[in-house]
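Scrolling down, you'll hit the structures one after another.
In what follows, chain A forms one complex with chain B and a second complex with chain C.
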Partner chain A sequence: MANPIEQFKIKPIIPLEVGGVDISFTNSAVMMVIAVVLVTAFLTLSVRSRALVPGRWQSMAEVFYEFIAGMLRENVGSAGRKYFPFIFTLFMFVLTGNLLGMVPGAFTYTSHVIVTFGMAIVVFIGVTIIGFARHGTHFLRMFFPEGAPIATAVILVPIEVISYFSRPFSLAVRLFANMTVGHIILKVLGGFVVALGVFGVVPFAFLGAVTVLEFGIAMLQAYVFTILSCIYLHDAIHMH
Partner chain B sequence: MPQFDPAFFAPQLFWLAVTFITLYVLMAKVALPKIGAVLDERQRKIDDNLDKAAQLKAEAEAAVAAYEKALSESRAHAHSVIKEASERLAKQAEERTRELNAKLAEQIKAGETRIAAAKDAALNNVREVALDVAGATVARLVGGAADQAKLEAAVAAALKEAGQ
Partner chain C sequence: MDEQQQHSSFDELDARIRAAREREAEKTSDGPGRRAASSGIGLGMRLSVEFVAGVAVGVGLGYVLDRLLGTTPWLMVLFLLLGGAAGVMNAYRAARGMDATVGLGAAQRRLAERQKDK
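Here is the complex of A and B:
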């Protein structure tokens, strides 16, 4: 039975080092590059004909566009329009990473906590900068709700500070954990299918069902990551 | 788990930054404006068509209104022509009737004059015949010519008695 952790192993393809920092081109980087190429190809080639009545590919591209635009409009409002390219890129990058991971034998870069944390911390820092840029020191009111009795500050402020600073971690861990656990389950079930021989049909049927579920989770987690980023952006722009 | 091996944090973060920024630039500068333009163009075309439809509808309504106006105008015109004609005809008929009446009245008057003259003439004849008859009768009965003046008076009295 194959080691279910094996699939998460980073394998350097082109070893690189700049100023003592390892920046090797790894299997993880390969998938990221593939994701960029796929997303760009999909979104540019599909609208190449600029059809008034869209074809299959073009309507898919339009659905993605309008889905994220609608999400941003509903959660942030018109002030969030200039962050649309970022939110869209975030969604497409996470979604493609999740879905590419469902290709047998492929590496899933969203199953690496450092990758998800890298995106989460960018969202967190970006949102904090936007908050202070828009509201100045008034943004600190985030940590103490308007109208609460001053005596409660002792309890409320630490809670709010902790909840604010745990945002990037919850965002990163949610995606990473979902992807990692899903892939481990798939690998373990696949191992059972091989190990049980003829009786492997039972775990095989289960494997089919879990694969469908994992596709759902791949899309759902991309959605969750994006909508939480939108909600944080809303907090920064409109406060509570 | 390989995920928690710090040895691979740096290369992953580096390539994450590279690919994510590349994708961001490609989305922001190429893909999203393209899709947005397609969507805008469709929206504009739909709006255009709706506008055009509204315009055509307004034109059709204007045409209907013009048609109805022309219809009512021509109806009014026809009405006035008919009225005028009938008035003219009525006036002509009245005039002709009046002329005819005048002519007839004249003719009646002339006829009456003629009848009156004929009657006078007839009455004179009657008187003369009566005078002659009375003179002859008196001469036959009395033998000798009767007094002319007395005869005339008697005849006149008799005629008067007869109511003529």
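Here is the complex of A and C:
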């Protein structure tokens, strides 16, 4: 049976080392470049005609635009408009990464925790900076839960602060774990199909169902990652 | 169709569009983080991640503070407990369907308001 973990192996394609740091161009980086090129091509080519009545491709691009614009409007309000380019880029990058991972033989860059953590920490630090820039030290007021007696601040404030710091971790781990687990399940089921011979039709049918489920999860997790970023942004901008 | 009639039908259409927009705005203005219900495995994974992240961040913060202040291992012990509390709080909030904003009190109030509306 094929090793189910092997698909996550990082392979350097163009070995590169600068000052003792390995910055090789890897298979993960290749997929990221493909994703960026695909998204850029899709969005620029589809709206090239700038038709008032959109064609097939243009309306697809507009669906994505409307979806993220609506998400920002609902979760952040009109003050969130400024951050649309970032949120939109984030969503398209994660979504494309998840969906490219469903191409047989392709590498899923969102299945590496360092990639998702990199995106999560950018969101976290960015949101914290926005919060302090807009509210100054008043931003810290948010860590004391409203309606609680003042004497409980000693214990409640550290808990809320730890909860705040756990955000990038839960954000990163959720996306990474979902993608990794899904791909391992697919690989293991695929191994069963081969190993069981004629009886392999049973896991094969199951494999079909799980593949459909995985497409759903790929889209859902991109959505969850983006909407949580929006909610964190709401915190920083409005403080309730 | 004379011009008068055409005008009035446009006005009517305009009013209907505006009314529809207002309904839409009302529907979508009940605060951040209304989350769609997900599958059982998704919820289980979410809760466990929330809890573990709380504990891990608590231990990490305690460890770093200990290294900086030279109080090994007392702050790590303290922050392990606080991290556990934060993890339980996060998991509780996720399980009760509260939004992911900072502050338990505000989230509880918003949840109560949302349920009252329904």
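By definition in this document, the second predicted complex is superposed on the first by the 238 of 240 C-alpha atoms of A that agree within 3 Å, B and C clash if a C-alpha of one lies under 4 Å from a C-alpha of the other, contacts with A are read in each partner's own complex, and residues count from 1 in each chain.
Rule of thumb we're sticking to: contacts are C-beta pairs under 8 Å (C-beta built on N, C-alpha and C of every residue); 3 or more make two chains touch, one makes a residue touch a chain.
Source: prediction; values computed, not measured.
Undergrad: Once the shared chain is lined up, is A:153 touching chain B (first), chain C (second), both, or neither of them?
TA: It touches nothing on chain B or chain C.
Undergrad: Which holds for A:169: it touches chain B only (first), chain C only (second), both, or neither?
TA: In the superposition, A:169 touches chain C alone.
Undergrad: Of the two partner chains, chain B (first) and chain C (second), which one does A:50 touch, if any: first, second, both, or neither?
TA: After superposition on chain A, A:50 lies in contact with chain B alone.
Undergrad: Should A:232 be classified as contacting the first partner (chain B), the second (chain C), both, or neither?
TA: Touch partner of A:232: chain C, not chain B.
Undergrad: So, does A:106 touch the first partner chain B, the second partner chain C, both, or neither?
TA: neither
Undergrad: Examine A:88 and indicate which partner it touches, taking first as chain B and second as chain C; both and neither are also allowed.
TA: In the superposition, A:88 contacts chain B only.
Undergrad: Across the two complexes, what residues of chain A are contacted by chain B and by chain C?
TA: No residue of chain A touches both chain B and chain C.
Undergrad: Give every residue of chain A touching chain C within the complex, in rising order.
TA: 70, 73-76, 142-148, 155, 158-160, 162-167, 169-170, 173-174, 177-178, 181, 217, 220, 227-228, 230-232, 234-235, 240
Undergrad: Going by the contact rule at the top, pick out the chain B residues touching chain A in the complex.
TA: 1-5, 7-20, 22-24, 26-28, 30-32, 34-39, 41-42, 45
Undergrad: Touching residues of chain A toward chain B in the complex: what are they?
TA: 5, 8-10, 12, 16, 21-26, 28-29, 32-33, 35-36, 39-40, 43-44, 47, 50-52, 54, 58, 61-62, 65-66, 84-86, 88-89, 92-93, 109, 111-115, 118-119, 176, 180
Undergrad: Report the residues of chain C in contact with chain A in the complex, numbered from low to high.
TA: Per the touch definition, chain C meets chain A at residues 28-29, 32-35, 38, 42, 45-46, 49-50, 52-54, 56-58, 61, 79, 82-83, 85-87, 89-90, 99-106, 109.
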